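These notes are about the structure you will find just below.
Chain nomenclature is as follows: A, B and C, assigned in order of appearance, with residue numbering initiated at 1 for each chain independently.
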């Protein structure tokens, strides 16, 4: 069903998608092996987006500020993730809940993106991901 | 068998546990997809511990100081790992041999924990994992 | 066929090798679970090399400098990777296209190797991987 709405979608093996009803995909999206799209909080992906292998996109977070309840039983926050268009996400990247990624971004392999990438056409990388250089 | 000793244990698919006889689990532990628990050196996990997907816990290390033997044939050191209670380990975390993690810790996604976390209720992250802030 | 040319090769489960005709392996190589060897650009691995689980070696790169073509349809560059001998690559390491790794290197868990390691017998780690100390 996702495929019908998303022309030229390529999804490789061992991809884990949860709550796929909360996933919106543009056209020309490729999702490589071993990727996790955890869509409980909402995930929107634009057009011409390549997601390399073993990437994780996470859209929820545990609360943890109550000292009297174990962290794992504290409420879950839903924080949507929005991936723009013409984006290349490298291998083994983790994108955390609430992040927005601007059009034209390259996210270097192994990065953890903890904050939104606001400026278009940049290359970001590292843990946490920071601006490396302009793409163009 | 592990399940009988560990009430409210949740283990997702594609979890790799080696030398499980050296694994001790408390109650209310969840172990998500793609996690590796390599228990040759001994692994102790407390109560209320959430381990997110694609996390690795390693309990042995190669020696490498002999110049005349290939590293891969030098002796293995067994260094137990001890994970306390009420701990949230994020996605794609690697915990190295010999590490102890104090109660109440949150380990941010993508971290590599190379040294023990001694202080309770902190949030740590990065490669190597460093103190980010207090949890409470 | 790879096994016949590479004595004492050990390959664990869930290893993904693409374009294996471009892969050259020495003897006494071990490749652990969940590793990706993407060999389109050429991958040469020497003798006595241990690759721990969930490691990725990448030998191609997207071009991205044309503002008028989506990144995912810009040309692919082939950049061979050369791994020397007596090397230990830790868990969850990513080695990017064009990198050469000198004999005797240890690459710490979770590293992303973006540039060649030229000096023999060093320990490197982090994102991007940097010199930590001499191995001997």
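By our rule, a contact is a pair of C-beta atoms (placed from the backbone, for glycine too) under 8 Å apart; a residue touches a chain by one contact, two chains touch by 3 or more.
The shown structure was predicted, so the numbers you read here are calculated from the model rather than taken from an experiment.
Taken together, the touching pairs cover every possible pairing of the chains.
Taking shared numbers over all numbers used, the subunit A to subunit B interface scores under half, which places it in the different class.
The centroid of the Cα atoms in subunit A and the matching centroid in subunit B are 25 Å apart.
Residues of subunit C in contact with two or more other chains: 34, 54, 92, 110, 127. Of all residues in subunit C, only 28, 30, 33-34, 47-50, 53-54, 86-88, 91-92, 104, 106, 108-111, 121, 125-127, 135-136 touch subunit B in the complex they form.
Taken in their complex, subunit A has these residues touching subunit B: 16, 34, 36, 54, 56, 58, 62, 64-65, 67, 70-73, 92, 94, 96, 110, 112, 114, 127-128.
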